[in-house]
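Common to both upcoming complexes is chain A, partnered first by chain B, then by chain C.
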Partner chain A sequence: MTQVFYVAWRYLAYHRWKTITLVGAITLIVYLPIGLRVLVDQSSRQLTARADATPLLIGAKGSPLELVLNTLYFGSDHPAPTRYAEAMRVTESGLSATIPMYVRFRARGHPIVGTTLDYFDFRGLEVADGRNLAMLGECVLGSRAAESLGAGPGDYVVSSSESVFDIAGVYPLKMRVVGVLEFADSADDDAIFVDVKTAWVIQGLVHGHQDLNRPEAAAGVLGREGNRVIANASVVQYNEITEENLESFHFHGDLSNYPLTAVLVVPPDQRASALLQGRYQSDEDLAQIVTPVAVMEDLLGTILTVERFVVAGAVIVGLATLATAALVFLLSLRLRRRERLTLFKIGGSRLAVASVMASEVVVVLASGALLAAGLTLLTSQFGSLAIRALLRT
Partner chain B sequence: MSTNHGSTKVATEPVVSIEALEFRYREGDFRLGILELAIERDATVAFIGPSGSGKTTLLNLIAGIALPQSGRVVTEGVEVTSLSDSERRDFRIARVGLVFQEFELLEYLSVLDNILLPYRINASLRLDREVRGRARELAERVDIADKLDRYPGKLSQGERQRAAVCRAVLTEPSLLLADEPTGNLDPVNKWRVLDILFDYAERTDTTLVAVTHDQEILDRFQRVVDFSQFHEYGDVRPAEHGELVGAGQ
Partner chain C sequence: MAVEAGVETGAEGSTLLVYTVSYPLAYFAERIGGDLVRVEFPAPPDVDPAFWSPDPETVAAYQRADLILLNGAGYASWTDRVSLPSSRLVATAAGVADRYVVVEDAVTHSHGPAGEHAHGTIAFTTWLDPTIAVEQARAIRDAFSRARPQDEKAFDEGFAELERDLLDLDGRLSEIVAADPARALLASHPVYQYLTARYGLEMRGVHLEPDEPPSRAAWRDLQVVLEEHPARWMLWEAEPLPATASQLRELGIESMVFSPAGNRSADGDYLSVMEANVRRLATAYRGTPER
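And then the complex of A and B:
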């Protein structure tokens, strides 16, 4: 039997492109529906798990899905901003604790998550190396972000400009890394966490600059009106917050109007949750309250419908491909009639001759199935990463 | 008609003996009828005759590849016509070597693997170091030892036929059946392949039966059997046909 397999193997190796095409087709036929199933199962679990752990979200009226994806998975499409006043409104109501979230900026592709220390407690995130946030301008890295950026405590991360063409827009801020979080197997691993005020610094809402009362800044001062000083662009703006210049950083305007992408609401019980949701039912309200799990279930429903269509399509294409592969084998058998006759004449039994041809089919099918199994294994191992990357974009 | 050419070997018992053979293909009106034919051991015999006269068919009948509707074919003392499929195959592996006009080498196997092919597709044959050594020796003898790793498509016609001869004789058959072995070869390679076949037959006391259309090579054979008359013999009396058997020997 080994010798028969050898002859079959030589045939497949000699016609390698035909073999590769057939194996590739079989692999896809087997892998597509199974791999898709695994991917959908994983995404269902992941999406539901993180949404399950997030009771309520408040954000500006608009797409609930965008709000949830941005807050839970730090997706790059950020929702319209809501005001910090929404967090204050809930906190003052006494119905629930709130965690402000401002997920708008990025540093080398990683989301900068502006929040408070409560977020770390809420998600159960532990610092593996260094310490947690203590000062404006500091950041803590998720484990994968630290690995990808090659940064650890003592290093610096610079926020990315939103647009190189917007010279009046967001300037890069050099942030000192003070800690790296333990691996959490979630979107938090890819994030750069800063205090929400640091996120506002990145946006320029909180800023620090040269002391305009000092002589070296005199050239930049255009005029003074009481407490108000008008300066030109020559005044040095700080793009890094240090202990020396920390005092110079200040807010302009009313804090309650400062932007957030979402307010994470953690009501203590169902009653508080129901009451809070009731308060955001007005059409005139500029904010909305959403239950992440309900939003994700809607999304999953859509995904499952799409999956059913894709699987049905894959099955039809698979059957057509199988039929084509069978036709290729049958035509090949006809073309190889003389070869079979020769094998028979020089002493090969009909069984042996058939075994050579059958072995070729078996090797192609087995290789395709093995490759599909390997791909399915890879999908089950790394599918979650792909889903997360997909959710981030 | 049967005539004698070349040097004569000592005649012994027939290696092939055919009696009252009647063969028809399922389709078409081809018919081969041989009342009596004997081929002596160690003889070199050429089958000649027009296309479609049954030369190749007779080779297949002698080798046990095809079965007649009636009559007896006794090859090497074995009544081939009474054997089962598997017995005929075992018989063929053990006793018969086949050389074809179109070489019939498998394009996807190296020359060495082609020579070893009978051992690869027969569970009853054991492919071991000794067989591999013998294959290399045969290849050296026919000057293709340096081409054993190549595919047949990279060889000249003559080299392909020499490889096919090596495959045919690797099992050390006592009867070598060659179907137009020089039909596709240029003159130089024609004589070279013939030399190889005759040298092997001489050296190993093997009976060589070859189908050919080439009048130039007939002198090399001890005996020539002309098939142009066999069609008629199918319908005539055995005695009349019998007169031809062994004629010229």
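And then the complex of A and C:
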């Protein structure tokens, strides 16, 4: 039997390009539908698990999918802003606890997630190194963000400008890293967490600057009318929050008008959830309330439909490829008639010659199947990372 | 769950760990919660908690609390510059926001595209109006009951006793002022807005520090005020320097301490400090100490 396989192997090795083409074709035929199935299963599990753990979201009226993807996976497309008043509205109703979310800014490609400490409790995130947020201007890194930025407690992360041409807009803020979170195997691992007020500092809504009553600020003061001091934009504003200038940071305007990308709502029971959803049904309301799991199921429905088409296409292509492979083998048998005669003449039995030919087919099919299994294994291991990367973009 | 100094806190059925930003709130919480709560007010006794800022370690201690009692009305502005769990914050004066006193002479400034804004435009010593203090205590009672429904009855009883004391204080203050509603008073510092609003006091504020001798400009400003507001008593947050008191006496103004009770006092608790305030105010109004 060993000799049979040896002869088959030598033949395949000699015709290596034909063998490689056949094995590659078989691999793709087997891998495409199975790998796609694994990927879809994984994405379904991931998407629904995080959406399942997020009861309700409130955001500005617009695309519910954009709202959910930005809040759950910190996608770079941020929805239109809603107001902090929406969080206050729900809290004051007594129906539910709320967690404000402001996911708009980035630092070296990582999302800056402005929220409150309640988010860490809600997602069960623990600090592995350092401590949690305490003062304005501090940040805590997700485990993969810390690795990618090469930063840990005591280091600094600088927020990115939204646009190089936006000279009057968002200035970079130098934020002190105070902690790194434990690996959570979720979108939180790639994020940079700050207090929502620090996110407003990045936007310039909360800011610190020179005391306008001090002599060093005199150059920036245009005039004084009683208790009113008018200054120009040259007043030095701080781009890092330190112990020395922390006291100078203050809010501009009414807190209720401050922007959020979403309000995460955690009602205690179904009744509170239903009551809250009822309150956002008015057409005049500028905010919408969405159930993330329903939005994700809609998305999954679309993905599954696409998957069905892709699998059907793959099966048809597979059948055609198998037919072509069979033809290749049959034609090959015909072309190798003289080779078989030679084998007979040197004493090979009909069975031995048939075994050599069959072994060649088996080796090609087995190699293709093995490679497909390997690719499927890789997909199951790293598919979740690919899905998360896709969701972030 | 937090375990500190041998007292288990944070778990259902155990002691409720409560942090506050002012002493009056700590006092109210202690009266309402009794042994069922452990109240922490970490500001040092020698500072004004309104302008104190905790270090990151103290902020972390606040973060471990089951409830964090805020005053509201812009008091303890450090809470705007730190990270606290919003689900555990109790804004005790939020229910009486319509009674906030707006400070007319606050400094405003404008620069850049955001436009004009003002700092500290709302007076924050809300507890000096005992009826507002009752509402703040009620908010504390409600927060305690939500956190520990099984102890609601005990919290109700603690609140009822406190409410009685605060309303008694309110009654006595009303009675004192009713004897001479037009009596002119001076406040050495603008901290008595809620007292003024509640009892309709004829009080004008100046800016004098009890531990600093007034400047010449301050004396001149005082003379200007006295010309149109002939007050004979000045309320101080703490005992003024003897020289200042003596110079005021030469102008015909007697000094009287009316402590805002913003921090723990060596002279007693919130109620006893307020009762001493009432007795001294009675002197100003009637010339004799109140009963």
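Some points to look at:
Definition applied: the second predicted complex is superposed on the first by the 364 of 393 C-alpha atoms of A that agree within 3 Å, B and C clash if a C-alpha of one lies under 4 Å from a C-alpha of the other, contacts with A are read in each partner's own complex, and residues count from 1 in each chain.
We take it that contacts are C-beta pairs under 8 Å (C-beta built on N, C-alpha and C of every residue); 3 or more make two chains touch, one makes a residue touch a chain.
Small disclaimer: the values here were computed from a predicted structure and weren't measured.
Of the two partner chains, chain B is the only one that A:V356 touches; chain C does not reach it. Touch criterion met: A:G253 reaches chain C, while chain B stays clear of it. Comparing chain C and chain B on the residues of chain A they touch gives the larger count to C.
Applying the stated contact rule after C-alpha superposition, one finds that A:Y11 touches chain B and leaves chain C untouched. Legend: residue contacts after superposition of the two complexes on their common chain; A:A366 is shown touching neither chain B nor chain C.
Of the two partner chains, chain B is the only one that A:G348 touches; chain C does not reach it. In the superposition on chain A, no contact is made by A:L333 with either chain B or chain C. Of the two partner chains placed around the shared chain by superposition, chain C is the only one that A:A97 touches, whereas chain B remains out of contact. Contacts of A:Q3 after superposition on the shared chain: chain B is touched, whereas chain C is not.
When both complexes are overlaid on chain A, the residue A:V306 reaches neither chain B nor chain C. Annotation: chain A has no residue touching chain B in one complex and chain C in the other. Remark: chain A residues 91, 97-100, 116-118, 121, 131-136, 138, 168, 195, 197, 204-206, 209, 212-213, 220, 227-233, 235, 237, 246-247, 249-253 touch chain C in the complex. In the complex of the two chains, the chain B residues touching chain A come out as 63, 65, 85-86, 89, 92-93, 98, 100, 102, 104, 106-109, 113, 117-123, 125, 127, 151, 167-168, 171. Residues 53, 56, 59-60, 63, 77, 80-87, 105-117, 119 of chain C are the ones touching chain A in the complex. Those residues of chain A that touch chain B in the complex are listed here as 1, 3-4, 6-7, 10-11, 13-15, 338-339, 342-350, 352-353, 356.
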